[in-house]
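To keep things simple, chains are lettered A, B, C, D and E as they appear, and every chain counts its residues starting from 1.
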Amino acid sequence: MRKQRSAVAGPKAKALGLGIGGIVLFFLIWEAAPRLGLVSDRYLPPASEVLVRLGQYLTEAAFWNDVADTMTSWALGLAIATVAAIVVGLVIGSSRFLRRATHTTIEFLRPIPSVALIPLAVLIFGTSIESTLLLVVYASFWQVLLQLLYGIADVDAVANDTAKSYGLGRLARVRYVIWPTALPYLMTGLRLAAAVALILAITAELIIGTPGLGKQIALTQSGGAISSMYALVLATGMIGVLINLGARILEKRVLSWHPSVRGDVVL
Amino acid sequence: APAGGGDALTPVTVGVIPIADTAPLYLGFDQGFFEDEGLELTIETATGGAAIVPAIVNGDYQFGFSNLGSLMVAKDKGLPLELVSAAVASTGDVTSDMGAIVVSGDSPIETLADLNGKTVSTNSLNNLLDTVARSTIDSAGGDSSTVSFVEIPFPDSSAAVENGQVDAAFVVEPFVTSALENGNRVLSYGFAEFADKLDIAAYFSSAATVAGDAELVTKFQAAMKKSLEYAQANPDAVRAIIATYTETPAEVLAKIVLPTYPTEFNVDAVTALSEAALKYGVVENAPDMSTFLP
Amino acid sequence: MLSVRGLQKIYKVPGGDVEAVRDLTFDLAEGELVCLVGPSGSGKTTLLKCISGLMEQTSGTIELAGAKVTGPPKSMAVVFQEYGRSLFPWMTVRANVELPLKNQKVPKAERAAFVDAALKSVGLDHVPKSYPWQLSGGMQQRVAIARAVAYRPQVLLMDEPFAAVDAQTRADLEDLIRTIWKQLGVTILFVTHDIDESVYLGERVIVLSSSPTVVQEDLTIDLPAERDQLNTRALPRFMELRSHVYAEIQRAKLGPVTEQITAQRRTAVK
Amino acid sequence: MASFRERRRRPVSPLTRIAYFFGLPILLIVLWYALSFGSTNFFVPKPIELAQTLWTTWIGDRFFDDVLPSLGRLAVGLFFAIGLGIVLGLLIGSTRWLRNLLEPLLEFFRAIPPPVLVPLLMLLIGVNDSMKVAVIISGAIWPVLLNTVEGVRAVDSVLNDSCRSYGITGFARIRYFVLPAVTPQIMAGVRQSLSIGLILMVISEMFASSSGLGFTIVQFQRNFAIPEMWSGIVVLGLIGLGLALIFQFVERRVLHWYHGLKEITHDS
Amino acid sequence: MLSVRGLQKIYKVPGGDVEAVRDLTFDLAEGELVCLVGPSGSGKTTLLKCISGLMEQTSGTIELAGAKVTGPPKSMAVVFQEYGRSLFPWMTVRANVELPLKNQKVPKAERAAFVDAALKSVGLDHVPKSYPWQLSGGMQQRVAIARAVAYRPQVLLMDEPFAAVDAQTRADLEDLIRTIWKQLGVTILFVTHDIDESVYLGERVIVLSSSPTVVQEDLTIDLPAERDQLNTRALPRFMELRSHVYAEIQRAKLGPVTEQITAQRRTAVK
């Protein structure tokens, strides 16, 4: 514990190095598995082959268009879901009546798979981006909402009493007390939702056939182009890593006061 | 509207699955057959009926592509759909077809009857493929009620066969070719075994469109007819166009068996299919061929 | 100003109720400075929470300026015993002190002046940009005091506000409270464990019995209005009063049962 | 003042409980009934029709053949997802180098859609129940894992110091300090996992199966048995509700200290 | 036993460093009871955290029984200033007190006896099954004290442990600490803001300057070993010593700059 604290070589560089190390390790295992014959390389080509294919993709404009399409539905869907969940969460979370009255409904709706809603979505919105958005929003909304509700419940009783005694009304308490307390939970919810939104954006493209990475994955799958498919999956995973990186940077900024970021507890 | 006139094209959207079966539509578009009929064609793709059928029902698409099994089930369930054109059929050649039941190279299974008590995968259950498979097994002296069918998507089927997770798989091109390339063996070309040039799929529309816009349907049918004929006559053009909208590797594409692109339904084969569908409980009532086919 | 009548508070706990406060009755006139002392666990914090409308009493009534207290009144400020938890860790010291004023829509310039003055008066004008968790315990407590002072309430409830500060600072803060009290005419209820402090600060000292709590003694402090740390504490009368309070506390710790009959009389030491 | 009333702990009568439990759902059903009254759309189910279908479709053999096995897999999947999520979360949360090493990798896997992951798992594990359980774990683990990691990183510094100064280290530290301290956040994660697990149960049965709740729903959908499909979704919702009730029961016991500390009143 | 040499602690804060402790040097012999006083924010808590191995100093060395402190030593117990946050809210009072013993694998029967005795000595034998958050501030603080006492450490560090308890309880606890100290021969470093308390309790009083901190005064308390609340506090020598400490604290608050030269001498008041 102590050693880490006095670490001189930039801890950031070290963290980055370890992270890259982890990924390299993963690629090595992936490379070895088909080469050693653990799985047939016709169904899981070695990492190098997939990486080469990914490299080709990266030079194609069509690939970047697909990425842009997917990221558009992702960003829009996530934004709508987050804003909706924050509004709904703050309203429900700060009223006991609403919390109790909505409990059954929320628990009933949450486990409904977005995939099952595809026919309904297409029926309502056709095969336009709205359908994809509906699925993305439906799936990621609950993640943020639930985390937020738990965050709101985490408000310190003394802090809340303090705010009340100084005449902070409900809105002011939401703004100054409840929101900051729930923020760490919200950030976790956001990270969960970001991945789910990406997954749903791709799945929706895959099934509905709107343009994007998902459609491309479906094409490579039905065309039997295995390395291309894994290259696209790899791209998806990398987008996930980048999204997380962004979330971490955001977290550092908005949670600088929080023990998890300020790090009094060195672990 | 003036046929072939360039000034007032009627927009029409067709929802299809991007596979070899729909090549004529792409060809027709390329060749200008639709434009000639005064149609401004847009092709939308999906992986299956889950998205196409609702889009047809709500009028988002005017026409769609679906396999005949699904269409029979849909009509049986009372969905307001109407078939408008033939689309694709098997080759009818029991030694080389676009769909086959494959087993691994070292499998002890030699005949369809050997499948008794075994596991067979198809891409979708209670549908065209398993109906055909059951029927051919029973005709070959087996007992299909002892065979268990599981759903595995085509791309993953040959892996499942090779790893012994299933005993046989009913797959279509390009996976027949790749299965053969990888040392697997065709047990039976199921479609051809079942009937001569069995229609696999069809283009369909909603009852509302058929009733309300007969002119559009007629134009589409005319353009489709030209496209299907052209495709049937130009297999090289078919292979070339498939390369543009699928990701099938070129070397595989060169070897796949192309289906037949008929302009008319094979009524006998479809009737046999509907009877089999009834027999195996896929539909509750056999469709009336006079109203089912266009 | 403040009137507490027959207050009772029972905490419902799984496995039995806890009667924290049994029967409290007392009044605070407007502009009075009253100190509350009592054994640890006698229900002082409970009482303050009830008065500030943060918790509902089990029975009895609390009236503030003639109106029943049913929620936190606007014109009241509370300094909580758990000072560490009452500061918002996501705000700087300055923002913590400023928040209630901002919420009251006090104009910016005025607000800044109030905050600066309050921070200066508790000796923290050098750390406005620090976060509470970067401060020592005593500093945190002083931030909480500064917040209450800057708010300029009509009624000020303080729960052991000087527990974590050193003797010298404590003396300064005591004088600060008396100054504010005199200047602004605010009504103050001040909980403390320091007997000297209660006598030095208060115009009256209320001694609570141990739990279940009743008022054991309500003592008028007849010291001169002008007090200072050196001279007032040296007065013989101061000594008398503090010994009296000390004796009462010792008696309180023995338990309320035998005391109940005499408990609620209002005494003045002769 | 509503906020004031929040603190009041009146014993809740069974009647109000029932009212809270069914109030909003009934309201929504009535609304849905009114909206779907004139509709003839094939894809839009109507409440009464749906209720009948629910009864005829799911009561009987199908319950034992499809629903129970699925629930069994779900239970196993959730058990491992939660268990692994907590254990890994504690490890990763409390070891910085491990966190740095694994975080990008985990984020990578988290972003991969299950429909793409399933074929790979089929390849590696085979077409069997383990594969389906693996699919459930692969999705349901994340909320628990992430919440545990974040919870561990945010433990109270004074409590942490108390532990260290009394020499409470290693396993005892986890057992008596870290785990209980993180429980509120773990519970938030578990709650998410329950519904995600249910969703993945459906997705896992979309591939390589011939029975199960998810399989049946997908079959209904594909075969245009729309009321039956909706009834399947209602079954999912009801299972979700059931899980939530069990969860609430557990949470109340595990976190009673937390609810007392935060002065959270128990509801519904 | 304990030797602190040239201790410096700088907190790294975004936007500038905070030098909390500049240069502290002092020793504690085995079995000594030393009180530490100093202005609020002078670095007492910081010092205790360094001694207990919870925080790394910036420079200087700390040795305990001849060995450098690099992590929390086994035989040491700490009572934290933030008592409310140092108790485990998910454990009952009893379990809180018992935990360190359980961790040390003390046999069950012995453990129960230690815990019971400790809870009784702080006057909390009636609430073993309550949770910390069901207790008043002072009661929580006493639980923390009981936990330290039950642990029977060789070195006991206490950070304002009596801040939240009433005068009578405080007196009792002071006597408890002296009893334990004498009976068990434990070395105690006791931080307090109460000057009387520091003189009454300690064998020595170390006065710290205000931050950045140096030792301003190291005063031997030459009062008789047997002390009692009434008589000891009435001794003229007690009065002298407390006035001296008070004066030092006042001087400390003026800042360390002018004092540095004389700071580290060890004085005894004549």
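Rule of thumb we're sticking to: a residue touches a chain if its C-beta (ideal position, glycine included) is under 8 Å from a C-beta of that chain, and two chains touch if they have at least 3 such contacts.
Because the structure is a prediction, the values reported are computed rather than measured.
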TODO: Walk from chain B over to chain E along touching chains and report the minimum step count.
DONE: 2
- [ ] Could you tell me which two chains share the largest number of C-beta contact pairs?
- [x] A-D
Task: Label of the chain whose CA centroid is most distant from the centroid of chain C - done: B
TODO: Would you kindly tell me how far, in whole Å, the mean C-alpha position of chain B lies from that of chain A?
DONE: 38
- [ ] Give, as an integer number of Å, the spacing between the C-alpha centres of chain E and chain A.
- [x] 48
TODO: Starting from the mean Cα coordinates of chain C and chain E, work out the distance between those two points in Å.
DONE: 27
- [ ] Indicate the residues of chain D shared as contacts by at least two other chains.
- [x] 3, 41, 43, 119, 123, 156, 206, 221, 226, 261
- [ ] Check each residue of chain A and list the ones that touch at least two other chains.
- [x] 43, 119-120, 123, 156, 164, 206, 221, 258, 264
TODO: Quick one: which residues in chain B touch 2 or more of the other chains?
DONE: 48, 50, 53-54, 57, 153, 155, 159
Task: Interfacial residue positions of chain A with respect to chain D in the complex - done: 4, 14-16, 18-23, 26, 39, 43-44, 95-96, 99-105, 107-116, 119-120, 123, 142-143, 146-147, 150, 153-157, 164, 170, 173, 184-185, 187-188, 191-192, 195, 198-200, 202-203, 206, 214, 217, 221, 229, 233, 236-241, 243-244, 258-260, 263-267
Task: In the complex, chain A residues that touch chain C - done: 156, 158-159, 161-162, 164-169, 172, 176-177, 180, 183, 257-258, 262, 264
TODO: Would you tell me which residues of chain B are touching chain A in their complex?
DONE: 15, 17-19, 44-48, 50-51, 53-55, 57-58, 60-61, 153-155, 159, 162, 174-175, 178, 182, 245-249, 252
Task: For the chain D and chain A complex, residues of the former touching the latter - done: 2-3, 5-6, 20-25, 28, 41, 43-44, 93-97, 100-105, 107-116, 119-120, 123-124, 142-143, 146-147, 150, 152-157, 160, 184-185, 187-188, 191-192, 194-195, 198-199, 202-203, 206, 217, 221, 226, 229, 232-233, 236-241, 243-245, 261-265, 267-268
Open item on the list: Help me check something: in the complex, which residues belonging to chain C touch chain A?
Closed with: 49, 52-54, 71-74, 76-78, 80, 82, 85-91, 99-100, 103-104, 131, 133, 147, 151
